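Which chain is which? They are A, B, C, D, E and F, in the order written, and residues in each are numbered from 1.
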Amino acid sequence: MSDNPPESPSGGRWQLDRIVAELRLSREETHSIRRDGEARRAPSREALQAILDGLTEALFPRHYGQFDLDGENIDYFVGNRLSIALDGLCDQIHRGARFVGDELIPGYRREDAVELTRQFGERLPVVRGLLISDLRAAFVGDPAARNFPEILIGYPGMTAIIHHRLAHILDGLNARLIARLVAEIAHTRTGIDIHPGASIGSGFFIDHGTGVVIGETAIIGDNVRIYQAVTLGARHFPTDDDGHLIKGDARHPIVEDDVVIYAGATILGRITIGRGATIGGNVWVTQDVPPNSIVTQATARNKQG
Amino acid sequence: MSDNPPESPSGGRWQLDRIVAELRLSREETHSIRRDGEARRAPSREALQAILDGLTEALFPRHYGQFDLDGENIDYFVGNRLSIALDGLCDQIHRGARFVGDELIPGYRREDAVELTRQFGERLPVVRGLLISDLRAAFVGDPAARNFPEILIGYPGMTAIIHHRLAHILDGLNARLIARLVAEIAHTRTGIDIHPGASIGSGFFIDHGTGVVIGETAIIGDNVRIYQAVTLGARHFPTDDDGHLIKGDARHPIVEDDVVIYAGATILGRITIGRGATIGGNVWVTQDVPPNSIVTQATARNKQG
Amino acid sequence: MSDNPPESPSGGRWQLDRIVAELRLSREETHSIRRDGEARRAPSREALQAILDGLTEALFPRHYGQFDLDGENIDYFVGNRLSIALDGLCDQIHRGARFVGDELIPGYRREDAVELTRQFGERLPVVRGLLISDLRAAFVGDPAARNFPEILIGYPGMTAIIHHRLAHILDGLNARLIARLVAEIAHTRTGIDIHPGASIGSGFFIDHGTGVVIGETAIIGDNVRIYQAVTLGARHFPTDDDGHLIKGDARHPIVEDDVVIYAGATILGRITIGRGATIGGNVWVTQDVPPNSIVTQATARNKQG
Amino acid sequence: MSDNPPESPSGGRWQLDRIVAELRLSREETHSIRRDGEARRAPSREALQAILDGLTEALFPRHYGQFDLDGENIDYFVGNRLSIALDGLCDQIHRGARFVGDELIPGYRREDAVELTRQFGERLPVVRGLLISDLRAAFVGDPAARNFPEILIGYPGMTAIIHHRLAHILDGLNARLIARLVAEIAHTRTGIDIHPGASIGSGFFIDHGTGVVIGETAIIGDNVRIYQAVTLGARHFPTDDDGHLIKGDARHPIVEDDVVIYAGATILGRITIGRGATIGGNVWVTQDVPPNSIVTQATARNKQG
Amino acid sequence: MSDNPPESPSGGRWQLDRIVAELRLSREETHSIRRDGEARRAPSREALQAILDGLTEALFPRHYGQFDLDGENIDYFVGNRLSIALDGLCDQIHRGARFVGDELIPGYRREDAVELTRQFGERLPVVRGLLISDLRAAFVGDPAARNFPEILIGYPGMTAIIHHRLAHILDGLNARLIARLVAEIAHTRTGIDIHPGASIGSGFFIDHGTGVVIGETAIIGDNVRIYQAVTLGARHFPTDDDGHLIKGDARHPIVEDDVVIYAGATILGRITIGRGATIGGNVWVTQDVPPNSIVTQATARNKQG
Amino acid sequence: MSDNPPESPSGGRWQLDRIVAELRLSREETHSIRRDGEARRAPSREALQAILDGLTEALFPRHYGQFDLDGENIDYFVGNRLSIALDGLCDQIHRGARFVGDELIPGYRREDAVELTRQFGERLPVVRGLLISDLRAAFVGDPAARNFPEILIGYPGMTAIIHHRLAHILDGLNARLIARLVAEIAHTRTGIDIHPGASIGSGFFIDHGTGVVIGETAIIGDNVRIYQAVTLGARHFPTDDDGHLIKGDARHPIVEDDVVIYAGATILGRITIGRGATIGGNVWVTQDVPPNSIVTQATARNKQG
């Protein structure tokens, strides 16, 4: 655009032409991401946030819905929200499949996204039942909880498990990019990072929650309670003969029913925390813990000032 | 709606009718949340966020306000923001009281929300004074802090304490659901989780802040400084004879004046951290700490690779 | 406004006049923030968020851009986004310089903000190159990562490093208030708190990330990997003879190339973590660590329940 | 606010205090509008526009609705839109009744607005039938019309009659302020000004429409076609003995079935345009016109230039 | 939904179920508009408004664009606006073709919309040239016009001709539904109703404009000036042997170069207004007018009061 | 951008590069509008609309304001709205002065815009008094008017006169471009086109209004009532010796007190309509009308069908 002297004296305020050209060069050099000229839409985090809000409103219309709902209008509200949310989800799943290339199934077609979304929708009533069990677990497990609405609207642990149960369905249906984005939206909203692959039973409660990390292959039983900054992580990352990471291997803990894990505990590797065990705050666990045992941390030394 | 063949062939794309019916069934079965047909609005997190932003703008108009403010227009701006925010807060308090049922006082009437909001408004100038003391504490306590605006606009610890001081007034006025929602909004915005019931003196400073948890019955003196991932939590959850949690009991630490608690420290139970004590990073404290003492953590063992 | 009886009976619903007057009094008493009547706009966090989103869209147009981009329209999109973002950034830098007073250079003039913004723009292509190295590091370092788009759109560690590399340029150009605000926006979005002054090499990857804190004077080499809740902090805060904090001193760790630091590790003071070292989870390190060494934490004691 | 010298030097930029005081004085002097201190919300034109859009979407969901509608989701969409629109309308009717004071019925209570809104809703299916007849009339009457969607989405005459049929129900239910606002919204959107009191039969078509005025007591039969700038107005405004206007009297024309009135015709007074008559463009009619007659205008004189 | 007694006592507030069912019945009975279950999106007036605004910004970037434009960034702005607007237009053309069924060409495919949009884009520079001639005509023709920006930003006649020249291209490419919607958007915005089929030469100026109607087959030469409320309409609507309107026939006036038509003149039928003629205000013309002639109206009779 | 083969095959979908280049060429060729490279912001119609809404809210806070206003908060609301509106207006006046070049005064400086805006603000209370007289005139003059709120919120004539009285002040202060834009905003909103230069006395009422045109040099007395489609226009446009229009000359009618002008009347030239005269509908007046006279139109001829 240098042939435009009256409009563009000497490169301009920001030298846009040069920066734009260098950024294009950078895209072409790395071209790590896309190789052809065909336009594909990336999945949109903003669109997914709206879809998740719509699904949450459909699941708990009286707590998240925008206006007075009673017996007369509630089903219209729910049906309309679902319709919009599922249409939107189908579009995002399609984008994800096209953008990444190897999602879902070989020979992916748009109809696959429709079928998958249909299966996702079918499972929503079961998800609602699980979330009610989570809600009750929170009420029972937190002495500061005074009522259900407080938990449903306010607790980050509730937000996180709503998102996870939706992400986990998507992951199971191989819509992994979208599932992962749902998990990261929950992470941003709550500080709780649950990989969509993690399997979690009913009556699950995370209190406070900031800093919780639950890995891809973790398996959690029923009625488990977890506090802030708990990690259910991997110990070693297995590599193949060429030193490349082996992806997808079972490498995170199994936590059986009725376990409580206090704040800051770190539990690593494919070990089993037995039914009814209690893991104390800030401990570091890398071996199996027997059922009903209690694991605690060494106390600190005091030094008079 | 199956009597509509030209429009609805074989259940449709998402089988909305079936999902909507199952979700309704799920609501009716659990009916844990509402039992009658009368419509009640849940408090709105989005509305509360706008109210909190309005109050913050009224408290610090030159740092958060939307346009040039000087001596001529600043009071109009403040008065207008307050008017909108207090009207909105009154509505949310009313929703909360109606939605939960046992908030505020027995025999709750709408006038109670008005009176309570009036009392809330009255305390705002005092809150501003406390927040100025917090601002100064941050400037004094953080070597990276270069000026007040940086702290006021940027520091999550400042955001958290602004929200907490507002939530604490609401909690003291028994508007507990709203108070809790304010606290959770702060938690989402900062990663700092302070229960609205916690009592905090002047000159309070949380640096970095992510992962800090301060429990419902904690009592914190003046000039206390806390770093990220510190927990002031409960040790045991007392249960009654039937095994139900006893709610509301004093179960969190008392932190006296001039205490510093470094990152990752966990302080549990109704213990007292004496005036001027220093709690080192990552330590685990479950017993009283004498005044002016220093508590530190065992060092790690090095293993040559 | 008490002379308006038909409109204002007995102080009104909220007693706005009184609250407004008391807040004005509070502003005048503390007057810690502004001393003259001239109106100055504070930098706007919302505006900066939009600017950061625009820059990110310009850097990775196919992943964050709003519509189908191909070879025909991509440069127009990039140039337009850059133009808007740089104009906006220039305005924010100017606000920051005027609001704080001692930013940038003595005798600051508006042209300085323009020049500084121009220098910022020049460095964007180099920043993109570094971010591609970070993206590859994430793919190599995380067994759960399946593709680049997942990392770019989803991973908080990626969001954090994009923001940091932009903030670090601003910090180097002395636009420190704006740099700090960028860092705090990243902190809010990811739970990762990196001071803009921290120097970070290529191929940097933070996994999960919540609770990570990296201090102002930290220096990090190439190909470093960090997990959630890691702190690279200061040990002591040096004070001058009058007991005031000395600001800006080198007080945070140096982390050499190829180091891995697992979750929850706390590394404090101007120590050096030697090339290729591995720091285990939850350890507390306050002394130099030799190259290629492994530092791990004492295991917990099990107590049978 | 003059007691605030550091903030408000010499009255300020705009002398807001003085203007505000003078405007308050002006309100008090005229006090034509409100006499007590109680706050009442005026009906909101913006809210009514949204309500009208919602009703239009419910009546013609495939032409105005926001997304793909088929047999599966269309009823949920319609029910949800109706629910929101009727709730909103009820609120506006209530505001109107309270704001004006003498609307609806003596001894007005909130329940009256609910009952009235219910009756309004009941009539919507009949209104839809009438609007379909209007749509067909437009297709038959305009040689430029190629299809129904063009008319429904594009023609101002269609927009005007949709609004009028809704406003006319409201007027019949005595919600006159709201009815009038609906008519004025249509006026703004189309340039067609139909008083809500006007009675209009089926198959009504206004072509082009700008400048059409139809008065309060006009009665229009079936299959009438009208062009732009036609006035069906009053001739004299009867006054009582004191010279005050007598309001509500029948003073506008009766137009019988199958009449066509061309552009710019002015028809004034309680006269009757007989069945099947044709009124030519720009004519001025103040007396009855017999059935099947044609009324035309004198031709212009040409003056050679 | 009557099987839901706890939620829906006795039909509810608005009897939604009944209204929804009746509206469905009404849609099925008339089914004038759509006959199958497949979902098709109607063209969106809101989307078209945004597209038109985008095109206008691309044509006159310094007058309608959103921010400071100079030689450096203006082409990026223009290219980006065009890209978004043409993508959007292509989508609307596609919707229109699918919604109506017989638009464009038999055997319509999506590629046809792309090709048509491409041809539309090609003509934009020529359109800009014509619009500059219109702008100059306005400046020359209106004694109240003081400068070009006033005309470009403010004059409804300018808005109308910008929209018309775009609509006319679309009409010529057979995208008639979209062309018509563009014309109606202009009608709503300006009160000027020009059918997209009308052919208009360069240097066209409409002053004031409200109420102007120009019919589908009108042909207007260069340098024509028209005032408010002028009609260039049809006299008779020819019908075929069955009494149906014959659509598309030439039935509107031909206005040759350099004609001026004053306010309120009505010119009907396929007549010719000869070069340089002047048509006085409010006259009614249904026969050819020779070149350079002046046609005026009979004066009114005065009646002493 | 043709050097980017992987991204840009053969010119792309829309051939953006070519269109952008041709549009740039078109801008350079005509360069009728701007000649240098310096960036100037055009005044913004959208911004002016918001400013006008803000001023209207400040003038009639209870009818246009967004929330419950009573004696306590109304002055804060008014002051805040005024502050924002006057700041915005000042900016638009500045833009206008800079964009056009010859506005306001020779040697224009930014302070001139401030001074002018201050003078504009001073006159608002007087404007409010005039508008109350207009409101009363509407109530007295329209038999369909039932109450003041209906007129204030609903009547386009009221909207038009509010805008005009504001535009007229701006015009008197030489901010002519902005004044004209205000007038055109009113024109778009109401179909009523009053040039800001027109001088209008108190108690002015326009009923229905669509198509009314009042020219730049018209002078209207007190208590004048006008109906739709009335023109107060110019007869001849005087030209100088070179045939150029002489701009600004007195060329529109003088309408004395207590005149009524019915729909469609056209009054042209610098003639005087004497006090108390009545001008009938659709008449064409080009000579003085004596006081208290009545002017009516010839009746149409009826032709039996």
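By our rule, a contact is a pair of C-beta atoms (placed from the backbone, for glycine too) under 8 Å apart; a residue touches a chain by one contact, two chains touch by 3 or more.
Computed from a prediction, not measured in an experiment: that's the story for all the values here.
Averaging Cα atoms per chain gives one point for each, and the point farthest from that of subunit A is the centre of F. For subunit C, the chain with the farthest CA centroid is D.
Matching the C-alpha atoms of subunit C with those of subunit F calls for a turn of 180 degrees, to the nearest 5.
Per-chain CA centroids place subunit D at a distance of 24 Å from subunit E. Centres computed as Cα averages put subunit C at a distance of 51 Å from subunit E. Centroids of subunit A and subunit E (each the mean of its C-alpha atoms) stand 49 Å apart. Multi-chain contact residues, meaning those touching two or more other chains, occur in subunit A at positions 4, 6-9, 13-17, 20, 24, 37, 67-68, 70-76, 78-79, 82-83, 191, 210-211, 229, 264, 282, 297-298.
Of all residues in subunit C, those touching subunit B in their complex are 13-20, 22-26, 30, 32-34, 37-43, 45, 99-102, 176-177, 180-181, 183-184, 187-188, 191, 193, 195, 197, 210-211, 213, 215-216, 229, 231, 233-234, 237, 245-249, 251, 264, 266, 268, 276-278, 280, 282-286, 289-290, 292-298.
Of all residues in subunit E, only 1, 4-9, 11-17, 20, 70-76 touch subunit A in the complex they form. On subunit E, the positions that touch subunit F within their shared complex are 58-59, 62-65, 67-71, 74-75, 78-79, 82-83, 86, 114, 117-118, 121-122, 124-125, 128-129, 132, 135-136, 140-150, 152-156, 189-191, 208-211, 228-229, 263-264, 281-282, 297-305. Only residues 67-68, 72-73, 75-80, 82-84, 87 of subunit A touch subunit D when the two sit together in their complex.
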